[in-house]
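Given below, in the form of structure tokens, are the structures.
In the two complexes that follow, chain A is the common piece, with chain B as its partner first and chain C second.
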Partner chain A sequence: MIVNKRLLLRAKHGAFSRAGGMKLTSTKAAALRCGISSMPPPPRLFLEVADHRSRPAALLVKAGDKVRKFQQLSRTVDLSQAPVFSPLSATVAAISRDAHTRRTTIRLDILASDENAESETLPPLTDYGSLTAAQITERIAILGVSGLGGRGMPVAHKLAAAKKRRVQQLIINAVESDPDISADEAMIRERSKAVVEGARILQRASSAERCGIAISKEKKAAIAALRAALAGSDIELLILPTHYPLGEEHRLIYALFGTETAPSASILDAGFLCFNAATAHAVALAVNRGEPMISRIVSVDGPTPLRPQNCEVLFGTPIWHLLEVCGADPAQKDRTLINGSMRGQLLENTQAVVHSGVRGVRILDASELLQSDELERNCINCGHCVSACPVNLQPQALFRASRARDTFQLAALGLEDCIDCGLCDQVCPSHLPLRDYFGAGRSEMRLWQGSVDRADHFRNRFDAHQARAERKLRRPQSVALAARQSDSKTEFSRTSAKAEIAAAVARVKARRAERAEDQGSPRKDDD
Partner chain B sequence: MPLVTPWSRFVQRQADSAAWQRWTCLGLLAPTALVAATTDAGFLANLLLIIVSALAADAIAAWLRGISPGAVLADYSALSFALMFALTLAAEAPWWLGMSGAVFGLFIAKQAFGGHGEYLFQPLAAAYVFTRLGFPEFSGPSLMDTATAALCADIPATALIALALLTGALPLLILKAVDWRIPGVVFLTLILSLALSRSIDPPLWAFNTIIFTAQPSLLLVILFVATDPVTSPVTARGRSLFALLIALPMAVGAWTVDLTTAMAIVLLANFLTPLIDLMCRPRIFGHQNRGSVFLD
Partner chain C sequence: MAADLVNWIGWLLSAALGLWLLVRLVAYLRLQIPRQQALVIKIDRVLPQTQCGKCGYPGCRPYAEAIAAGAAINRCPPGGHRTIVALARLLNEQPRPLDPAHGDIEPSQVAFIREDECIGCMKCIRACPVDAILGSGKLMHTVIASECTGCDLCVEPCPVDCIDIIPDLEPAQVSLPHRRVDNPLDELEAQP
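Our next item is the complex of A and B:
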């Protein structure tokens, strides 16, 4: 184990402390007082399967089926989507698809029986060292491991993208700089060995030259656990100061290595690969034990009577059920935030469930609510947001452009590079909901980009059509004549025509059958 | 039932733009009281008239624009405008001059440009220059500078007013409501020019620069008008450049600079603010250059 002390030094005097960001008051202590608590299984689970491109998800079960723990419920077309597994033995009560959100929900009624089912998909493994990188990636893909850092991208998808490029540095991100989420920290305290194991597996799978676990220095217990687990290993422990939003991968890489990477670009281009610590843990479970990903640790925080804690929650558990189990007051549930107060969203869907992207749930205290006389005022150009922005954007200008729906200006001001950290929102003296404005600006940009793409597509089609027509016109007379003659030479025969038609019909039928088997949908893919 | 919005837990404990304006008004109370004590009751009557007409102009303009007048008045910007504007008036100003200035400042310079936060020219500077250019016959030095009646035995009233203005601006600087760079760079430039000029012509320059910087009306311009965040650039570098643009003509003009000139200098600097913002826009993290140029 190598502890990089230089980093701390650089962190004190280095460039990144000047480039925005902030030290925030942490409220993690309450949830970290006790260890990870496991939640009793809820009576019902609602597993969501997103559409793949324009196709509804390919399900392997139908309503009324009995499924066992770890049974695979959906199939995927490529690596960009992870399959879904049943977290417990259950009955499939209903399957419904929401055309608006383009998600299929599988309702599972939990059976009170066999808890200790084994993975059906893959047997446990004694030594992953015998596998090649591609085999490890395949195993991860089959077991549906997704990133647990918030975006929920399938790990195998990221690894496949990394395969095409040379990864110099793999980073296991345990920084968790949000002030009120402590899920990773609680996990590392108890399961540091599995995290380190996951880091090794990921290093092997990505063929990274170096691997480091990044963590901020205030997580003392977690650092001690990691030190113990890392003894004798060549994985680096990268200790960073407490600073928000250092957990964001582009900021993290800048703080660690001084390499600036544009937040709108992938860090892979610079030779870095980053996974969340909880993801590394899930990878270790999947590769070594053959367990698909069915649960995650969620940080629950809020005012009394809620008991702040870190809970291991099965995917598909309704968030309100989780809050009830943790003792939340039902009257307060309408002010629930998902994923922390800085980057989070207000929970408006009462049926929302825990999935791989839910890191923390937080009920806001009455004193943390903005009152009606503190609502949005005019932007006065004070510049606090400009000095707070860790990526040097100009939030006040972005706000005006978003309000004016000026997509050119939004693009020029670099909205794509916004990391959505919420610091501008926090410092704004006029209480402008800047993150909301930027969200609206982003969708405006998407619409604009869509219309541009559509226009390009049809322009290209038209140009191609024109070119074809022109070629036809310009075709030399002799060639055209020869073609006509060769057409007339082949004599029309009733039998050969019949045979051709029959062959074509058979081809179409075969293709249809194949597609129906593959997708369970007759719709034609339009990409 | 009041509308309650759940929001970031940190927002509440953080800065509040209405509180900044309240602090501005509070900071102006002491200088106003000192001026009132050294002049006759006419000043107080004038002050009242200006406050009433400023609030009325702001509310009517808001109503015309279809915005709730209550919400516009609640940010205290009209009140702070009125307090400052009353201080800048000359002794011989008739009652309607202050009123028309207030109406011009809030109706034209502020609300016609889109209200608080959107105006291009500082309303106070615009209103002041308007009254000076429109009615040059009443363009004497402001009441602050002519306060002669001694309040204490040895200290002149103007020095006391200057001190009160400095103290009044202190909370704004501490709260970061105004950027310290603007008064900082202006004072630094003036001190440097003093040091430079002392070496050229010691007696004359030294005396004049000290008198010049202690002038309450110029302090008002430097501390309260030039620092208005709405009309100053948004980045730290831009603000320093902006302050330099204000300070250099003042340093060169030295003792010939009076309130009118100072206000005009601020107006000219406001004129350049969008350009400065464009020139000083920061390089986005991870990008090589500052991106394409887009003017609003």
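Our next item is the complex of A and C:
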């Protein structure tokens, strides 16, 4: 185990101010006071299966089926999707598909009686060292492990992409820089051995030369646990100062190694691979024990009567069921915030469920709501947002371009490199909802790109149409004559055509007049 | 003798200069053609390719050529504000509102054939610039919605008026966040 001292040195010399971001007041302490609590299983689970980009999701069950714990519910086409597993023994109560969001929801009614009946999955392993990198990746793919850092990308998909390139450094990201999410920290305190085991497995699967676990220095108990678990290992412990948004992988890499990577590009191009610490834990469970991923740890925070804590929650649990178990007041349903106050979103759909991308749930205080309700003023060009932006964009210029819906300006200003950290939104003295404006700007850019793609498609078809017309003009006289003769059998464009069209038009007119009379008579009665 | 030599050198120099200028002029003119072509292609890329002719030119490519030669950029109703802003950016001009002489901004739309009234005359099929209508002589025709540009060129030739232009299902509007007090500057800023 090597502690990287260079990092702290860099911090002393102020290198981190160049990495951008700022120190925020943390509210994690309350939730970390107690350990991870496990939630009693809810009566119903709602599992969501997204469509593959080319075809609808393929389910392995139908309504009315009985499923056992760990039973696979959906089949996948390729590595870009992870299969879904049943978290408990249950009955498939209903299946519904939303064509608009392209998602299928499976409702499971949990059976109380045979809770322990498990479906057979892959056999547990005594030593993953006997497997090759490809075999480990396959095992991870079969057991449906997805990233738990927020985006929910299947781990096997990332590993397969990494296989084509040389990975120099594998980073296990335990930084969790959001000021109000502590799920990873709580997990590392209790399960550091499994996290380190997962890091080793991922290092083997990605053939990375070096591996490091990145964590920020204020997580003292978690660092101590990791130190103990790392004893005698060659995995580095990379300790960072407390700075938001160092948890974002591009910022993390810049802070650790000084390598600039564009947020719109993949870090794989620079030889890095990054997994969340919770993902490493899930990988260890999957590879060693053969357990599919069915749950995650969610940070729950909010005003009393809710008790802030970190809960181990099954996927598919309705978020408001979780909050009620933790003691939340159902009257506050309209102020539920998902994934922290910096990058989070207000929950619009109170039926939403926990999935691999839900790291934290929070109910906003009345005081916080007052602040967000304050009306926005005009931009005064104060430049606070510019100095806060960790990726050196110009939020005030992006704001103007978003307002004017100028996609070209947005692209020129680099909106695609915005990491949506929310710092500009927080520091703005005019209360401009900058994150929302940038969201609208992104949609506008997407729509414009869509219309350009459509136009390209139409142009290709038009060119094909023109080319065909030209070929038709240029064909030899004899062929044209033959075609015209055969045409006259099927088409009525020549001699008899006019009479036939006239007859058809008369027929349609007669039918229309008849229909008008039919519709007309009841209307006359109304008058 | 010396004056003669100077005279000769002068003649030679001016001839060389003239020749060089001529060569440069020819090179410049020859380069102008591909440059103009490249600009036309760039302009054509941001036009919606409906081939509807509402701009007064017989298609998108001819309109692109006309814009490259100096025509107004605000004549494309299917493209709307987005196309005007894109063209303005491309040509370094100020965006202007759409010229009402060429029609109003159209939402995304497609043609729809009322199939029980279709007599199978093939006229709309010949009119469609992107082959989005399927059918054969004396047999019913239908529009392949995903391929239809909504140009409404098929409406006019139909002898029984059985083609409607209906709005497309895809949402094409982004609403900006509304957490603000009403501000007269908004209208000005939102204009392209």
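Observations
As a convention for this text, the second predicted complex is superposed on the first by the 444 of 527 C-alpha atoms of A that agree within 3 Å, B and C clash if a C-alpha of one lies under 4 Å from a C-alpha of the other, contacts with A are read in each partner's own complex, and residues count from 1 in each chain.
Just so it is clear, contacts are C-beta pairs under 8 Å (C-beta built on N, C-alpha and C of every residue); 3 or more make two chains touch, one makes a residue touch a chain.
These numbers were taken from a predicted model, which means no experiment stands behind them.
By the touch criterion defined above, A:Thr261 reaches chain B but does not reach chain C.
The partner that reaches more residues of chain A, of the two candidates chain B and chain C, is B. In the superposition on chain A, contact of A:Arg405 is made with chain C only, not with chain B.
Of the two partner chains placed around the shared chain by superposition, chain C is the only one that A:Leu447 touches, whereas chain B remains out of contact.
Of the two partner chains placed by superposition, chain B and chain C are both touched by A:Asn378. Of the two partner chains, neither chain B nor chain C is touched by A:Glu249.
Once chain A of one complex is fitted onto chain A of the other, the partner contacts of A:Asp178 are absent, as it touches neither chain B nor chain C.
In the overlay built on the shared chain, the residue A:Asp301 is in contact with neither chain B nor chain C. When the two complexes are overlaid on their common chain A, residue A:Pro433 makes contact with chain B and with chain C alike. Touching of chain A by both chain B and chain C, each in its own complex, is seen for residues 375, 377-378, 400, 408-409, 431, 433. The part of chain B that touches chain A in the complex is made up of residues 2-12, 14-20, 74-75, 115-118, 176-177, 179, 229-232, 234-236, 239, 281-287, 291-292, 294, 296.
By the touch criterion stated above, chain A contacts chain B in their complex at residues 19, 24-25, 180, 250, 254, 260-265, 335, 337, 341-342, 346, 364-365, 367-375, 377-384, 386-387, 390-394, 396-397, 400, 408-409, 412-414, 417, 422, 425-431, 433.
Put simply, chain C touches chain A in their complex at residues 44-51, 59-60, 81-82, 85-86, 89, 117, 119, 121-122, 128-132, 136-138, 147, 149, 159-160, 162, 172, 174-177, 179-181, 183, 185-186, 189-192.
Considering their complex, residues 375-378, 400, 402-409, 431, 433, 436-437, 439-440, 443-444, 447-448, 451-452, 454-456, 458-459, 461-462, 464-465, 490-493, 501, 504-505, 507-509, 511-512 of chain A touch chain C.
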